[in-house]
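In the two assemblies presented below, chain A is common to both, partnered first by chain B and then by chain C.
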Partner chain A sequence: MGLEALFDPAFAASLPRFITPILLAALGGALCERAGVFNIALEGFVLVGAFSAVLGAYFFGSAAMGALTAVFGGVLMGLIFAEFHLRRPGDPIVVSIALNLLAAGLTTYLLRAIFDVAGAFRDPAIVGFEPIHIPLVAAIPLVGPVLSGQSALFYVALGAAVFMHVFFARHRLGLRLRAAGENPAALVAGGVSPERVRLWALVLCGALCGLAGAQLSIANVNLFVENMSAGRGWIAVVAVLLTRGRPLPLLAIVCLFGFVDSLSFRVQGLGWPQQFTDMMPYVATLAVLVVLSWWRLRRSA
Partner chain B sequence: MRVELSDITVRFGDLTAVDRVSLDFRSGEVHALVGENGAGKTTVMNALFGLVRSASGSIAVDGETCRWASPQDAIARGLGMVHQHFMLQDSMTVLENIVLCNEPTGRFGFVDFRAARAHMAEVATAYGIEVDLDATVGALSLGQRQVVEILKVLYRHADMLILDEPTAVLTPQEKDRLFGVLRNFRRDGKAIVLITHKLDEVMELADRVSVMRGGRLISSAPVAETTKTAIARDIVGGELPAEIARAERAPGAVVLSVDGLTVRSRGRTVGPISFDVRAGEIVGVAGVSGNGQAELVQALTGLRRAHGGSVRLAGRPLDGLDVGARRARGMSYIPEDRQRVGLALEARVSENAAIGRMDQPGFRRGPFRIRSAMNRFAAELIARYRIKVAGPEARAATMSGGNKQKLVVGRELSRDTPLVVVENPTWGVDIGAIEFIHSELVRMRDAGHAILMVSTELDEVLALSDRILVLYEGRISGEVARAEADRTAVGQLMVSHGPSAAEIAA
Partner chain C sequence: MSVLDSTPPVRGLTPWIGVLVWILAILFVLMLAAGAPFGGALEGFLSGAFGGRRFAYLMTTLSRATLIVGMALAVMLSFRAGLFNIGGEGQLVLGGLVAALVGVYLPGPPLLVVAAGILAGMAAGAAWAVLAGVLQLYVGVPLLVGSLLLNYPARYLASYVVGHPLRDVASGLPQSHLVPVEAWLPFFPGTRLDIGILFVVAAAVFAIVYSHTTVHGYRARMTGHSAPFAEASGLPVRRLALQTLAMSGAIAGLVGAIAVFGIHHRYIDGMLVQPLYAWTGIVAVLLVKMIPWAVPLSGFFFAALQTGAAGMERAAGVPKELAITMQAVIILFVASRLTGLHFGGGAGEGGRPGEGGDGT
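Let's turn to the complex of A and B:
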């Protein structure tokens, strides 16, 4: 088996399936990070988003409605976070852990209560996203299969990453978000409430995580499985912390993670032990950590 | 514009921080508000600015009573405040900092930086202020950051400027420049409030001076009708302490010997520096902040690794030893930053007092500390150094700046080590505490301790030192003995490398 077996067009086409959910969640996390909210509940946000997406896509019979309910579910999680962390002075780590546990329990419970199934819910009535084929782009070798034939959410995610870069640099709320994270006292002195700014960060983070969940449950597949976020929220947290919430480096590092994640899936097909391939995304994370810290050390010396 | 405060009272829990204070500010007037730390100056201004709520009293602008829900309302009425601790975002550019909270926005809430830039250029030229709008604030000097703070206020069209201790971090030249700008404001009809405790500045710039003590307004008079002594008496509430007496004594043996010490930091080199400090003398290190003082002190105390040269304490080399080992060899250190280096603010006073003493018998039983012994020791320090605090069990954060500093000074001096390294010991400390700390340092000198005092306050260096070394660009640009020391001579060395060989030959 050679390398060409690994890097075929099918592999390229599968990349965005791995990149999109992590990127959307990480962008949400970046908003919180820059605003000074230590949100490590992305995993829970995404899981609720995935469940809400199936709920919307099943009952309204449309992928767009599924995405909308996913956003709604994610925002709800953001508001709960805000209630306990901003309105009441709850520790963000404790609130995060509580919300992650709540998401796992709640989605499992609702799965039984609403659909009367355990483990997984699949139904033809769940209308998912169709791939969008872009005629000319599809013909480009190598990147063609990556950029064409993906779900709408992939393009939303890429656009959001670029937009967020401009948002932080030039938008009023973006400026205030950065201030809330760096020196909130200056906002207070200027008559702006840092809490309100952080509330916005949590709401937008919830919306983006909701979309990340939608990509998982109604774009990658058309079903909901218990705990289907499967650590992607945590990878997003790592990406946010590594890049300190800067959107463009975030995009780069998420692409790397997506690549390794996708690769691990592939090499499993080559007969490598699954225990090893499951390890790969985390080994990649550690490798990036080591390389980055070495690089920063060298730069500061 | 005329702003009147009537009977303002501010309470924090049981503490009355401001007690029925009435003040009145007008256009074209510089009004100095003076008093010791904790006298309530900043609090009364915060009440005026809407940052704290007053329990009673009223604010009137041009005769109209105002109640503000937040500083935004005060800003809208033309008030602007430059806070003592800069309210800036270090990672942002000057322009971003200026517009923050008051952004001119175009479509979809995007900031119209072009309009802001044009408006700022106008303001800057109108008052003769030079600034690079695209520089990152974190890379600016403290003086330049102050300019950014002032521009922020001007950008919001303020008619009244409140400046809280604006000169605390400035060099003499930067101070002169700031006062020039403030004079332009006065000419332009703005009302200016200057919170300070430097009386020379009051006499130089202010038209009117109000003194606060213990939350009350003690006096308020035109500067022309009062004297420096009268103001100082109002500040401390009684007679002024006498000039510090110092024993005539010849310096003893060399205690600290620094030879060719070199420190590298962030791409620049400090040193080589060589000097001695003898028993029974205070050696002052003068210089404009940022000329290598921090690196020198950190290398001596072991907080930073030296790259070359050697340091000997009482004849024994200290090279390669860590902070603890150096302290054990007979060094004490009073750091500049009491908030982060000197004290653990969330810990109790007794715990802070016992830092560095936990290895002494009596403070520890096995792995356990002895609380009662720590409390007893802290109570001793509180009494001996007249620290105002609720008690040994109180948190360090509850003390005022001056009392925090007294605690650090007390803890370090009571170790009775041959060498004491002191760094800006009276930074942001009130007059009473300054006198006390100075007299303690002189008492230590008289008792035969060697003291190295690094300070950016030239008056402090001149008043206390037996010898003065001047640091400029990481080197010692000159040494002046106490007898020959005056402001001009030392000031010249602070901005140049001293007389060159050619000049000496001529």
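Let's turn to the complex of A and C:
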């Protein structure tokens, strides 16, 4: 079993399927992190996004509407977070735990209440994203299959990462957002309410996580499964913590996670028990976390 | 910035009426969405939580409450020491798995097998918790994410063990063989409630005595209130943290062992994960703001909510996931009213990266 067998075009083409949801969620997490909101409810945000995406794609019969309802669902979660953490004095960790539970319970409840199925909901009426083929790019060896033939959300995610980098570094609102996290007092002195900035961060985070969920349920596949976020929101949280919410390092680390993720999917073909391939993304995330934390500790010591 | 640092700011009942109205309104909307007959649903809820033939469902509620309160205890010990261990699920699963394997494969007199199984389960849970602690203290991985990420390997490992090498193939399900009948925890005379609840009571007594009467427990709580102060006073903060985590994990492992020897008599894939015992335990602790004597009450309350919802599903076709949803709604409304509930940094580093610090 040589490396070539692992790194064939099919492997390259599968990378974005793993990268996109984690990247979108992590970018949302980065907005919160930089604005000073400790949001570890990404898992729940993504799950609600995945469910709302299927709702939209099923009832309106279009992937774009699915993405729109996914954004709507995510934003709703962001607003709930804001209500209990910003307007009321709820601890962000407690609110996050509650929202993750809420997402797990509510999506399953509604799945059964609306569609009367338990476990998984698949239906030909769910219209998902079609891959976008970019003529010239597709011909490039190695990179071609990664960059071409992906769902629109992949390009949105890449664009969002670059945009967010510029936004944080250059734009007035980006600076305000960072100020809300780093020095809220200065922001108040400048006549801007940090709470308001954080509210916007949560709303945008919800939108991005909603899209992450849409990638899971109506781009990677065309169905909804209970708990289909399956820890990806937590991996996004880890990525945010590791990079402290800086978009470009975030992009790099998510690519690394996505690479390992798709590798684990790949080695399923080697006849390993499924439990081990299921376990791999978390073990890999933990391994990266351990190495980077240890390295940081050594450097600061 | 610590776990229990201020008095409840809410005075009087008026704000709580608002909370209650909100919670009931959300419940109403959810039930409406499922198109449930309200009378039948209520009847199903009450009988599912407290009724049944010879109170069979009440016994189910009690044994579920046993597991939830046990997990709540485990969580509370570490929370009060300022350690945000949310890896209870992994510790619970490994405890249950190891206990089941000992129960199935260790020959010997039943009493010895049970004792060995429970101790081995506790050791496994403790080891998993300590691993998360070591990662935080010596590697710098925040406990919050470290302990959480460790849930997944534990879950899949257990699933693999009972799904492949040690599976009871004849049963056709991913589960281990049965523990010999002689090694099952006995029922209380005249009921269908196993004596597992006694172990949790013992653990609770231990936790309270430890926390409030021993120097060690006092130091652990002090570390929770203010890690810098504890460190400045010359306490061995790291060792305290690891010991606390070991105790917390051991209790989680004990809960897993009780579920095996008392309820399921084997390890079934997902039996400790699917009902969200660990998360419900956390929620039960948060609901009462980590006041020890109230935890059994909130644990029982959530257990009744879950078994009641199961009854509602049987009687009126309302999906039982209503329980988890309402649990989350309740904790949102109640916990956000209790402003004293804040998690600061724990022993060592890795508190809340989002709050205050330099953001770059």
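The rule is simple: the second predicted complex is superposed on the first by the 294 of 301 C-alpha atoms of A that agree within 3 Å, B and C clash if a C-alpha of one lies under 4 Å from a C-alpha of the other, contacts with A are read in each partner's own complex, and residues count from 1 in each chain.
Note that contacts are C-beta pairs under 8 Å (C-beta built on N, C-alpha and C of every residue); 3 or more make two chains touch, one makes a residue touch a chain.
Quick caveat: nothing in here was measured; it's all calculated off a predicted structure.
*Asks:* Name the contact category of A:140: first (chain B only), second (chain C only), both, or neither.
*Replies:* neither
*Asks:* Pick one for A:132: touches chain B only (first), chain C only (second), both, or neither.
*Replies:* After superposing on A, A:132 lies clear of both chain B and chain C.
*Asks:* Once chain A of both complexes is superposed, is A:297 in touch with chain B (first), chain C (second), both, or neither?
*Replies:* Only chain C; A:297 stays clear of chain B.
*Asks:* Quick one: is A:252 in contact with chain B, with chain C, with both, or with neither? Answer first, second, both or neither.
*Replies:* neither
*Asks:* What is the contact status of A:178 with respect to chain B (first) and chain C (second): first, second, both, or neither?
*Replies:* After superposing on A, A:178 lies in contact with both chain B and chain C.
*Asks:* Examine A:113 and indicate which partner it touches, taking first as chain B and second as chain C; both and neither are also allowed.
*Replies:* second
*Asks:* In the overlaid three-chain picture, which partner chain does A:188 touch, first (chain B) or second (chain C), both, or neither?
*Replies:* Once the two structures are laid over each other on A, A:188 reaches chain B alone.
*Asks:* Between chain B and chain C, point out the one touching more chain A residues.
*Replies:* Comparing touch counts on chain A for chain B and chain C gives C.
*Asks:* Is A:241 touching anything from chain B or chain C once the two structures are fitted on A? First, second, both or neither.
*Replies:* In the superposition, A:241 touches chain C alone.
*Asks:* Which holds for A:270: it touches chain B only (first), chain C only (second), both, or neither?
*Replies:* A:270 contacts neither chain B nor chain C.
*Asks:* Pick out the shared contact residues on chain A: the ones touching chain B in one complex and chain C in the other.
*Replies:* 178, 182
*Asks:* Quick check on the complex: what are the chain B residues that touch chain A?
*Replies:* 50-51, 70-75, 81, 83, 85, 87-92, 96, 99-103, 105, 108-111, 113
*Asks:* With touch defined as at the start, can you tell me which chain C residues reach chain A in the complex?
*Replies:* 30, 33-35, 84, 86, 135, 139-142, 144-146, 148-150, 152-153, 156-157, 159-160, 163-164, 276, 279, 282-283, 286, 319, 321-329, 331-333, 335-337, 339, 341-343, 352-356, 358-360
*Asks:* Which chain A residues qualify as touching chain B in the complex?
*Replies:* Going by the criterion above, the answer is residues 170-173, 175-176, 178-179, 182-183, 185-192.
*Asks:* Which residues of chain A touch chain C in their complex?
*Replies:* 32-34, 36-40, 80, 84-85, 88-95, 97-102, 104-106, 108-110, 112-114, 118, 178, 181-182, 231, 234, 237-238, 241, 244-246, 273, 275-276, 278-279, 282-283, 285-286, 289-290, 293-294, 296-297
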